[in-house]
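Down below are the structures I want you to see.
In what follows, chain A forms one complex with chain B and a second complex with chain C.
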Partner chain A sequence: MAKSASQSSSQPSFFFRYGPEITGLLALVGATLVFELLVRIGVVNRFVIPPPSDVILAFERVVVEEDILGRTGATAFEMIIAAVASVVVGVPIGAALHRSALWRRAMEDWVGAMAAAPIVLAFPLFLVLFGRSPKTIIVMAFFHGLAPIILKTIEGLSGTRKVLINVGRSLNMTSSQLFWKILFPSALPVIFTGIRLSWTFVLITVVGVEYLINLGGLGQLINELAERYDLPGTYAAIFFVILVSVFFFILLERVELWLRPAR
Partner chain B sequence: MSAVIEDIRLQPAMVVDDVVKRFGRGDELVTAVDHVSFNVQQGEFVSVIGPSGCGKSTLFNIIGGLLGDYEGSVMIGDERISAPHPAVGMVFQEESTFPWRNVIENVAFPLELQGVPKSERMDRAHHFIDMVGLASFEKNFPSQLSGGMRQRVSIARTLVSQPKILLMDEPFAALDEQTRLLLGDKITQIQQELNQTTLLITHNLTEAVQLSDRIVVMTYRPGKVKRIVDIKLPRPRTSDVVGSDAFGHYVAEIWNDLREEATRGMADSESAAARRGSHG
Partner chain C sequence: MAATGEMKAPARRAVAPAIGGAPVTARAVLLVRVVVALAILAVWEGLSRSGLFYGEVIPSLTRIVASLGKLLVDPVFYKNLQVTALETFTSLAIGAALGVVTGIVLGANRFLMRAFEPYVYYLSPTPRIILFPVMIMWFGVGPASKVALGALSAYFAVALSTAAGMRQIDAILIRVGRSFRATGWQMATKIYLPAMRVPILNGIRLGMGTAIITVLLAETKLSNQGLGYMIMQVYTRFDMPGLYAILIVVFAIAGACNALIGKLAREQV
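Up next, the complex of A and B:
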């Protein structure tokens, strides 16, 4: 008795350690079962929402018959190009705006408005400019992903604690050293918040525009399955997009952990 | 020849001569530091004490070279301080470790800027981390340390450049009294070991008496030197000294000087708050 008490006090219980994961999984399974029940007893129309069991069975068909790997590759390619470009362009623009108070005040509201604008709806304009090609999807996603990174870079650099800058000044650091060794690392957590927001926008835009112009990867697959009125297949494809986005964000988290081990 | 060496030895490490600093202009001109003069001898521990608003932090920034535009002079050797000087190492009141670097990377940072090779800078950083008593925390990040430990990291980071003068602005202000006394011991031990010339800016009476050879007492705004007190407590010194009669005598003596200034400061703050209240 005493032994088991000492064991339980020295080691956290299994449920304490994995409680959140188990609870989340049980909630998902519970919601699926509730939907299954509601559809089967006719409360929810099965021609609007198919039974979850049909969706699960449709996964195999969608993966095997619909060239899911090729389509995922196409979507991932567009996403990665747009996401990386928005970081590569957005961070320097944010840093430049941080340096100039005049330009920052002149541009910040416009960039904020750009972040809130439904750029997806401007697809006809981009189609005219770039044609019905992946280029259109990449450029639109890039523009949609740019604003959060610019805004969060400005916020992160401006939020650097004055005492850290004073440490740099007391060590006679050049402005370049001050930026790379103090301002930038200090701003990195906030910049990563911007990147997470940006990449969400990029993902939405890529899949959304693929759907709207019926071109490319997973968005086009959802469009095709919906037009065939293959509802279980459509929902299976939507869940597949969710899985891809989860993978995408786990990857980002790993990169963040590598760059900021002290989180 | 020996007379020349004697002259160099007796030459103060730093001379603060008739320093004046004003802020604002016209009707809103405020004199923060008013004709302040004192010097710090080689190896000496001097504290500047005064009530809030007496210009202590302004003086800290002037001596550290962060406020270059002032009247009078702060001299180190033949050089007038008007920008950060490598002879002065600054420790700030606020917690100033870099959260993205671990302890040894924090401490080695100034050496990295100087281009010291990695193995040498790690050796030197290790020596000073050991000196502040954090040898087993080298790989820890600041978020894993207590406030007192982080301040010790800041002190080690400043000492690693081996500055001629260690300039500290209330480095223990955010710490509890017991930690403050123990860190005071650590500072005294390091100062005695390195014969480190040190200037401490503080508003804490016991801390000033515990650590100092001399205390410069400042008046409330505008900040002038009210009196300079020699602290003749024996060295080597530890925090045990706070229980001695002599310690109590010095604290009482300096408090007599400070009470009037602190009262003026408090009355000033209250009337400013009342003015803000009536406008609000």
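Up next, the complex of A and C:
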């Protein structure tokens, strides 16, 4: 009994363990309440910032009347095609560049420049090339997501420990066996970091271009609600997209963490 | 942007293939680059002359170069460039200043870091352009809304980079400052900021990249001046050589700014 009491006293209390997180959450709730009050007493114009309670109520309307699930599906479809295509194309290019030191040195800087280039700004060009259709969004997202996967594939394969390669060689493995049994499994965690970066780019591009060209899923929804001057609806849709982005980002991060021990 | 922050520029390391291979000379690398560049240009010109694409979709290289020349001597271009540059640098200044302060506060205090950094971290990779309607409502349709959106874009990259840099400061430097009884301001200006020059400059580099893109995108959506507006003007006129010319210039400017701050960051090491 005494032992259990001493054990429980040595355990930090719930607040002590999660105090900062609870404080952060309370600050968020507090800020929301302050905004509600400021809007209600007229300090903040409700035609600029709607009361947070209106935004919360608008969620239901946006979900029911604006077919948010269907729009999420449209955005997800575009994302999946672009994301899968960037992996299917990016990993082999990265692996091919890794195999040839000459091509790798010649092209790595160019791929790095492509990663930093404001590709999304070329959306009028893609509109002309592919028309005002989901194809434009998918192709742009694909190009935006390609460079991180190529770079991280090269980095991951280059980071394979020499001893592992020597073990493979001592077992008389062929180049193909060496790649599939040693290099690729060893590089997988780093490649997944590239995939996480790439898919984050893909999400940003898909939603951004949907908003800019007023086509597709969630981005178009925000644009339409803003053009109708439906303020609570616009804010609710923006919060929904932010939640989806955060959820997607956390999911990718968890998968990456899960892969990491394999390194 | 946290997401982009992790993707470093390719490191200049000795390149040797994992599975054998001959050593690589700088001349051979240059040769490959020249051959690839010429091949791309030849394919482009071939496609342009093939008639496979409608009208002006892929104009000939000579027409793009002519448009580029025309653009670079056009005073209207420089007027719009000035507007975009002003919006971008104002947004970067505001976003970087707020980001550095936030980064120092979050990096210096573990409690505040645990309380608020997850929000900054997880909000950083969200598509910022969707906040443009909100910025228009708050700041109007003029340059202020573009500056606000650009500042918001730059803020996250700088704040996260500064907070990470703050946590990596050598503890001895901090103890030395405290042993001299330095005030908070002195600690910030004499210890923290000089020790964090590289992470802050890296954050500013990333922040500037996202600020440029966001400001230009906002200009394409709703504006009557700036390079983004110019892009939409040539697109509306279906002046494809003009569109390619502006995009080449914008890509070159973005790349040059990125390289300049990257060089500054490397020089401070």
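The definition used in the following text is that the second predicted complex is superposed on the first by the 197 of 263 C-alpha atoms of A that agree within 3 Å, B and C clash if a C-alpha of one lies under 4 Å from a C-alpha of the other, contacts with A are read in each partner's own complex, and residues count from 1 in each chain.
By our rule, a contact is a pair of C-beta atoms (placed from the backbone, for glycine too) under 8 Å apart; a residue touches a chain by one contact, two chains touch by 3 or more.
This structure is a prediction, so every number in the text was calculated from the model and none was measured.
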**OP:** Check whether A:V163 is in contact with chain B, with chain C, with both or with neither, and answer first, second, both or neither.
**Re:** first
Does the superposition put A:L188 against chain B (first), chain C (second), both, or neither?
-> first
Notebook entry, point to check: Counting only touches as set out at the top, which of chain B and chain C does A:T32 meet: first, second, both, neither?
Noted result: neither
Please indicate which partner A:S53 is in contact with in the superposed arrangement: first for chain B, second for chain C, both, or neither.
-> neither
One more residue to check, A:N172. First (chain B), second (chain C), both or neither? first
Checklist entry - Of the partners chain B and chain C, which touch A:S245 in the superposed model: first, second, both, neither? => result second
Max touched-residue count on chain A (chain B vs chain C) belongs to chain C
Per the touch rule above, chain B residues touching chain A in the complex are 64-66, 83-84, 86, 88-90, 92, 94-96, 98-102, 109-110, 113, 141-143, 161
Seen from chain A, its contact residues with chain B in the complex are 161, 163-164, 166-167, 169-173, 177, 181-182, 185-186, 188, 260-262
Contacts from chain C onto chain A in the complex sit at residues 3-4, 6-7, 9-10, 15-19, 21-24, 28-29, 32-33, 36, 57, 110-116, 118-119, 122-123, 125-127, 129-134, 136-138, 209, 212-213, 216-217, 220-221, 228, 231-232, 235, 238, 240, 243-244, 247, 250-251, 254-255, 258
Per the touch rule, the chain A residues reaching chain C in their complex are 19-21, 23-24, 27-28, 48-49, 98-113, 115-118, 120-125, 127-129, 148, 151-152, 154, 157-158, 160, 165, 175, 178-179, 183, 193-194, 196-197, 200-201, 203-205, 207-208, 211-212, 219, 222-223, 225-226, 231, 234-235, 238, 241-242, 245-246, 249-250
